[in-house]
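So, here's a batch of structures to check.
Each of the two complexes below includes chain A, the first together with chain B, the second together with chain C.
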Partner chain A sequence: MTKRFNRRSILRGAVAGAGVCVGVPALDAFLNGNGSAYADKAALPTRFGTYFWGLGLTDTPLGGSRWVPETVGRGYEATPELISIKHLRHKVSVFSGFRVIGDGKPNVVHWSGHAAILGGEAPARNRVMAGPSFDTAVADALGAGMRFKQVDVAASGGQSACHSTRNGATFATPETTPLELYQRLFGEGFQDPNDPNWTPDPSIVLRRSVLSGIAEQRKALISEVGRSDQLKLDQYFTSLREIEKQLEIQLQRPEPCEACEVPDAPKDLGNSVTIDVVNANSKMLAKLLAMGLACNQTRVFNFVHTPGTSITYIAGEQKTYHQITHDEPTDTTLGYQPKTSELAGLVMGAFGDFLNEMEAIQEGEGTLLDHMLVMAFSDTGYAKIHSLENIPVLFAGGAGGRHIAGQHIASKGEPITRLSLTAQQLVGVPRGEFGMGAMRTSRPVTEVMA
Partner chain B sequence: MKLPFAKAAGLALLMAAAHGAASAEWTRTWAIEWYEPAHYYGAETGIIDPGTDCPKGTNPEPDWIGVLKKAGYTEQEALWLRDPSHPYRVPNHGQNQMAFRGEGRANVYVHPELAADPGMQGVTGTIGEGLDLDGDKTNGFVSVDGKTTGIDNQFYRTMGCWKYFRGPPRLSYNAESRNDEMREGRWTVLIVASGEGDDPMNDDKVRVGFYDSTDKLVKDGNGDIATGYTFRIQPHARFEAILEAKTVDGVIVSTSPTKEIWLRDPSYARELQLLQAQLQLTMKDDGSLSGILAGYRPWKRLYQGMVEARGSVIEQLTWAELPGVWNALKRGADYSPDGANGEKTHISFALKIDAVRAYVMTPDASRKVSGVRSYKSEAPPMGPSLHAFFSNRFRVTDGLVPDSDGVILAGPDAPILPPTVTGAELRARLKASAKGAD
Partner chain C sequence: MTGAPVFRSRRSWGANKVRLDMRRRLLGVLCAGLFGCASPSVETTADVGAGLASQASAGAGAGERPDAAPDASYAPYQDKTAFNAAYRRLTESQYRNVIADMFADAVQINARFEPEMREDGLQAIGNRRLSITTSGLEQYYSVARSIAEQVVTNKARDALIGCGADPEAQAAADCATAFIKGRGQQLFRRPLSAPEIEGFVAVWDKARTETGDFDTGVQHALVAMLMSPDFLFRVEAAEPDPAKPGAHRFDAYTIASRLSFVLWDGPPDAALLRAAANGELHDEEGLAAEVERMLASPKLERGVRAFFTDMMQFEAFDTLTKDSLTYPKFSQAVADSAREETLRFLVDHLVARDRDYREVFTSRDTFLNRTLAAVYDVPYASAEPWSRHTFDKDSERSGVLTQVTFLSLFSHPGSSSPTVRGVRLHDIFLCVATPDPPPDVDFSKVQALENGTVRARLIDHMSNTGCSTCHMISDPAGLALEHFDGLGQYRLLENGEVIDVSASIGGQTFSGAQGLGDYLSGHPLVPACLVRKVHAYSVGRTTATDEYALLAKQQEAFAGAGYRMKALYRTILTHPNFLTVRPPEGVPAGPGTTHADTSTRPAASGGGQ
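Our next item is the complex of A and B:
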């Protein structure tokens, strides 16, 4: 607890003589010790998104794989677990053999992979990254002027599934249902760029001014709380500043978007996590996201199909996917875990559907997919032992002509941050190196860069 | 400061004596890159397939519906408890209610004696790996080459047909998982051998030390542990082992059992106490070291480690009922130390060790180690979380994982309600019940 602020505090100020107030997030300082209670025609834009799924793809400890193509370079074959992207192989690059290097830090299972790819360094502990996730740098570079700098989506529920962060400690809250995503993208505040009767909303003019009136109290609060709360407040006020920018944008007439069609509001599909429901949810979310991108509501997204410890399951069965990866013995005849591979195929089926939605929208002479880059990855290689080696990564889309797609790049244990750096450079982020320690690299994978 | 040679040598000798070190003529050093229970694998391929060790293959996956029904749950309740959407399941952490299947719905993870013993099929083959710990050549296993009899490895006999521990070298679930942890940096074990003779390959006075290090193993581009890296000894109040030995044609063998040693264990128990410890390690031409470290380990601690790793998760992943494991270990135990009043508290056990050549430095990194001695007096006090497998990630209480509010969604009196009742309603009832109990 600080001297002047508590959990009921409102930051107050004045704008043009009118009183304004802004609430405060739940800071550590307000919680008990356990933290459990209160005390134009211009060039078509390039979009970027991450697509994450948990539990990797199927390897075997003897070196077999159900996903790594044998062919290196162009013309790779569609392996069993990548069959869903077979028709789009010419627009997808496959990366195998990359790994996370721990620099002496132990593998924080179901976290190290995700955190290292996004944050550039193997994390020291669970739910903490060494710094901002790189998608935020992309959002800063691509998202300026957008209604939403970035949009975060989790198809199998879970408010903690998204790991986009600006400070390494607090994470973006994703939309988890099509209804939530619809309301965010096309609900209150959405301006149809093709509406001939567009006028500025006077209430927005007022709301825009509100946030600038509390500067003094904001500084006072920051000075009174600990480092952890300062980080939270920084994230919070950054979000508020982004709202201000969004409101400013809404005072300007949007550019018409040829491909933009406002969809009908979807129904909520519920909370079940059976794989068929997750995939249906994922497909609907992908459709909405694709239209949100086409309508220039955002240019950056993070899409989580299933979290690292995916507990999705096949309807009617007793075991979850996570459990199966660990308990299923390798079939000695087949040479792999058959049920695990079946589930991996179903999960990747959703990625195929995701890409189909991006490919379905025509934009100029190409498709939306041609004007975006999706970096799809998991957090583990051989999921049975939470391996940080041979983590599957796919780059999908043309990145506005910068991505030489349709290749299989095979590495032999190089740091996976090379791919994070490559993705950023492909979408125009001015970054020469990425990562820390042994994961620090200034070598993008130039084979896929035009 | 420069000291005359004789004076410096005298001082060094004095310091060495103070540390209890023998004057070593030679010292060789390694880092363990893989270690696992020494289990002879008798099948041609696969994990669960039949072989000479386990003619019926591994113990089959339990019929969990049947297990619950035997424990007094109705079929409808059992089916609902096994449904992945059941609200008592804590995501990723299993179905807590599975614990309550003992007599009077007791928690069988902490009271395995209150559950019927489902039995566990052990190894029936005659070939085994390990060492003859009791000197009796007429009991135990025969070595793979048939030259050694009386190999004591009751742990293998008891647990060798459990899917968790079975598989070709380096391919059992236990070995893969725990070694991957070590190789990714969770712990490092160093080995130092030194001798007083002129020939390291044949020396009657050899000491072997196992030490902790906080310097992590390093992988090479192939994912193997790199050779020739430097590690500092980290003095540890518990994890240190010193054994007396000799070398015969490059094989280090114990000259007498060491009463008690401790080292980090590649299992959920996290720690390995060995009584009457012996070793047989081969110094290979390529500089690596391979062989066996054996002794009697406390079986209850091994069991407890599995409970602490979340009882229901371990049961599901490894295909065993924990009361069956408890009873099998109890039956297989074959050693009663002084003070145990005849109770067999320990079970014969052997570790298969592979180590790569490494440079090992003193704790202050001032010089390479030049002999085997104890560093325990320099160790900081042990932390409180030594045992807790997941202490840095989540809490486990009696083999159960509370939900995010700290409530254990299960219990002997917890209602096993039909799917029409929501998880929120169940939580509210359990929280109210827990509050009443306070």
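Our next item is the complex of A and C:
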């Protein structure tokens, strides 16, 4: 081993920034005391992802909350709907009480919440955002040199379930099945970082030059079109450039990754949307995604468990989760909707599984989860009334040591864009403020920032 | 521009034709020496034909020779007052049809396309907002490489490319150039400009030189064309309107594409491109003749299928799922068959038999396969995969609303939904949109599904003032369809109680699906809505307020023609309104404005230079 890789060659790769993974082996001598960074300050890569689930969590006027911990700060207790992350609470921060301020815009049900979190402003109408979703800014900051700037995944809801957009109108198409995600990450174009016999494919140079030629020849088009078409063409050329970059990366010897183990092709589970199938699908997708991150294929992802109007349901029952949130009467004894809360717990069970997959991969002295930040959120607070108040948000992972995790932060109705800003700053996006109008903020939640 | 009259009288239209003819002759003389441009002379036609003659047999559909179009060696378009009015991403079916028209069965496409976006009831409207994301373009790239590989490895390779695999140097360059001109014209739906041809030939040359392989060069050149925005987007180009100084009109190739994508859901054929090159599409009679020819083509079926796939929101099929315990008969095969049934029914009724559109809501005729027969609970005796079927009078099946498609698409996974069915019925067939419910509405009085019928549960909505405004409209139509469960199977009971299918809308009382069908077939909004949607689908945008008077006239014409779909296409597509450019935001289009040099785009002859 030491004959193939010495400390210098590994660190050279790390400092260069592009294509960096953890060297083989990441000898402890290279690392600082807590294993979070190389001794000469070259940090292990930080990853970022959004995790979305539909229909919020249960929080009723009469029965209190099924998810907001009573304890504020460190050592919060596991509430019934967050029971699935109980064992990882020290790596997860819970944010309650943040809200979307409409600024006179209507509450576009099952859209305004996450559209404001991601786009920085309450949207004017459905399936449109005020601007780019902020995950694309993170992808620009962290994804340079990656094969994929970002990867989008949806465990249910189909190809329209993803919320990532560069222009507010065209949304990323997610991979919706394990096989699709496998093919994107590990199919054609994937280079095993640990393959000792790697050689560049000479045909790629030619392929890349063909794409460059299109860009050069066609850029002239942009000057002669209307404004919205300019945005469309910009997006197209950005995409074209991304594919060129993917080819460039295939010409470089990939850095070895100790944690990378190329998985076998998975089998799809069919398109049933019963909660057990959605959760099983979600778990398989999470496992593949975790390995994609460990194998250095991307550093940014958007993961959708269920869309806003989630039609997942318990097998054999007639009503979907979305219907139940609206139709189910509040149990007068319990003070909340029992079936809704049961489904919320099942949905959050998938988030627990998701984090388990990230935690299962060792990197340095820590885990993949320690070197990433997952911002998990929903479209609504109390789903029964499409509330835009108290929308649940969770930050999971150490963000490479920058996130002081394990806290419950309780707000009294501050704009939820503060959390969007905090997330971006935690993973190193150079951004001092985020959002527009009443949602504009320059104040991150410093309590969770190291 | 917005102040310009939408209509042009027939007289001025005719006068314009005379001027056009004169201009065309003059232009032919001017251009012939300078650029070798514009006029589609016999010589230049033959030039392209020589290189592509062999494509016809293996390539495009029967009777259409891609070599029949005029030469591509046009001069660049020099008028600085031209601009591109719209970029529309090709839909999945349009992409597939372009490739199918070029390579027929020689090429298979196995790919995932990015989803469309619906706006004002149609994807054809939302489509103008869409671009291509990285993952979307990755898919296009993968398809492009696959298509190119299939072409050079196909057993009909020589015919598809136009020469053998190892031609001599000069023959190789000629063959590659002819291939790029011919296939480029099919892909871009217009002739390529000289710089474009040079660019793609350079791609071929570089790849061939580096690899020593002619076919590798062809593959790379084809991939480059397939990845170009000119192929992936429908570019709608505007040019100054010679009849109206300061105003703009679509150029001839844009009109050709607008026609073919509406009527055929695919690219113009060689004859249509030829008509564009000759200036015929800017001529009233020439345009009418082309529309007539296209309406008579078998490809019209593709256009009608694409329109109703959009109008009836068939993207819902992509995520359609049913609870397997509640609906054990449901499967992907049922979903696929249901979709096909509805499209076969509509094409047969509206195209093959050219019948009254309103009968779509009352007809008991349909097409079944064995899978669907099981869901409809009727015997299937035919040996063919599909056969015509007429439901019994007492089956309660009555038109498109009682097909599995509508009934299952607009239900929940485990139950029917009168509200969803009613809302979608109004949206799709009456152009009446239902507002979203108030965000904080209290649904808690709606009881559990285990008891009684859905009617009793919905009574609360209809008696609650906050809800009733919408539910009084949406629910009755849906309740009339309650003899069909969430999959579309016939039933008389729900939870052991007899289902009441009586309904009252706007003072009219009727019962069941047949009553609803009769009600809709006599409803004036039903044909009016179709006219509005075909118009918006054709122009690719929401109908503007200054077009309402025109729409009313087109609705009258539709009625006058006995509500025939083909007549409706004829009315809309031959009207000057269809050719009128509305400049996009950011492109000033007043008199004297100038725009960047559109050097990438050639002009058709007969234009107004």
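Some notes on this structure:
We adopt the following convention: the second predicted complex is superposed on the first by the 390 of 450 C-alpha atoms of A that agree within 3 Å, B and C clash if a C-alpha of one lies under 4 Å from a C-alpha of the other, contacts with A are read in each partner's own complex, and residues count from 1 in each chain.
Heads up, the rule we're going with is that contacts are C-beta pairs under 8 Å (C-beta built on N, C-alpha and C of every residue); 3 or more make two chains touch, one makes a residue touch a chain.
What you are looking at is a predicted structure, and each value in this text was computed from that prediction instead of being measured.
When both complexes are superposed on chain A, chain B and chain C clash.
Applying the stated contact rule after C-alpha superposition, one finds that A:Y313 touches each of chain B and chain C.
In the superposition on chain A, contact is made by A:G104 with chain B only, not with chain C. By the touch criterion defined above, A:G73 lies against neither chain B nor chain C after alignment on the C-alpha atoms of chain A.
When the two structures are aligned on the shared chain, A:K412 is found in touch with chain B, with no touch to chain C.
Contacts of A:I385 after superposition: both chain B and chain C are touched.
Of the two partners chain B and chain C, it is C that touches the larger number of chain A residues. Looking at the shared chain after the overlay, A:G364 reaches neither chain B nor chain C. Once the two complexes are laid over each other on the shared chain, residue contacts for A:G401 go to neither chain B nor chain C. When the two complexes are overlaid on their common chain A, residue A:G64 makes contact with neither chain B nor chain C. Listed for chain B are the stretches 9-17, 27-35, 45-53 or 99-107, of which 99-107 clashes with chain C, judged after superposition on chain A. Put simply, chain A uses residues 107-108, 272-273, 311, 313, 317-320, 323, 326-327, 329-330, 384-387 to touch chain B in one complex and chain C in the other.
Here chain B touches chain A in the complex through residues 45-49, 61, 64, 82-85, 91-92, 163, 170-171, 173, 176-177, 180-181, 184-186, 215-216, 219-223, 316-319, 392-393, 405-406, going by the rule given at the top.
Looking at the complex, you find that chain C touches chain A at residues 82-87, 112, 114-115, 117, 128-139, 141-142, 195-196, 199, 202-203, 206-207, 210-211, 220, 223-224, 227-230, 232-233, 315, 318-319, 321, 323-326, 332, 412-415, 436-437, 439-446, 448-449, 583-587, 595-600. Chain A makes touch with chain C in their complex at residues 107-109, 127, 148-150, 152, 157-160, 166-167, 169-173, 175, 180, 184, 188, 206-207, 209-211, 213-214, 217-218, 220-221, 223-233, 235-236, 238-240, 242-243, 246, 271-274, 311, 313, 315-320, 323, 326-330, 384-387. The touching residues of chain A, counted against chain B in their complex, run 36, 61-62, 99, 101-108, 110, 125-126, 272-273, 309, 311, 313, 317-320, 322-323, 326-327, 329-330, 332, 384-389, 412-413.
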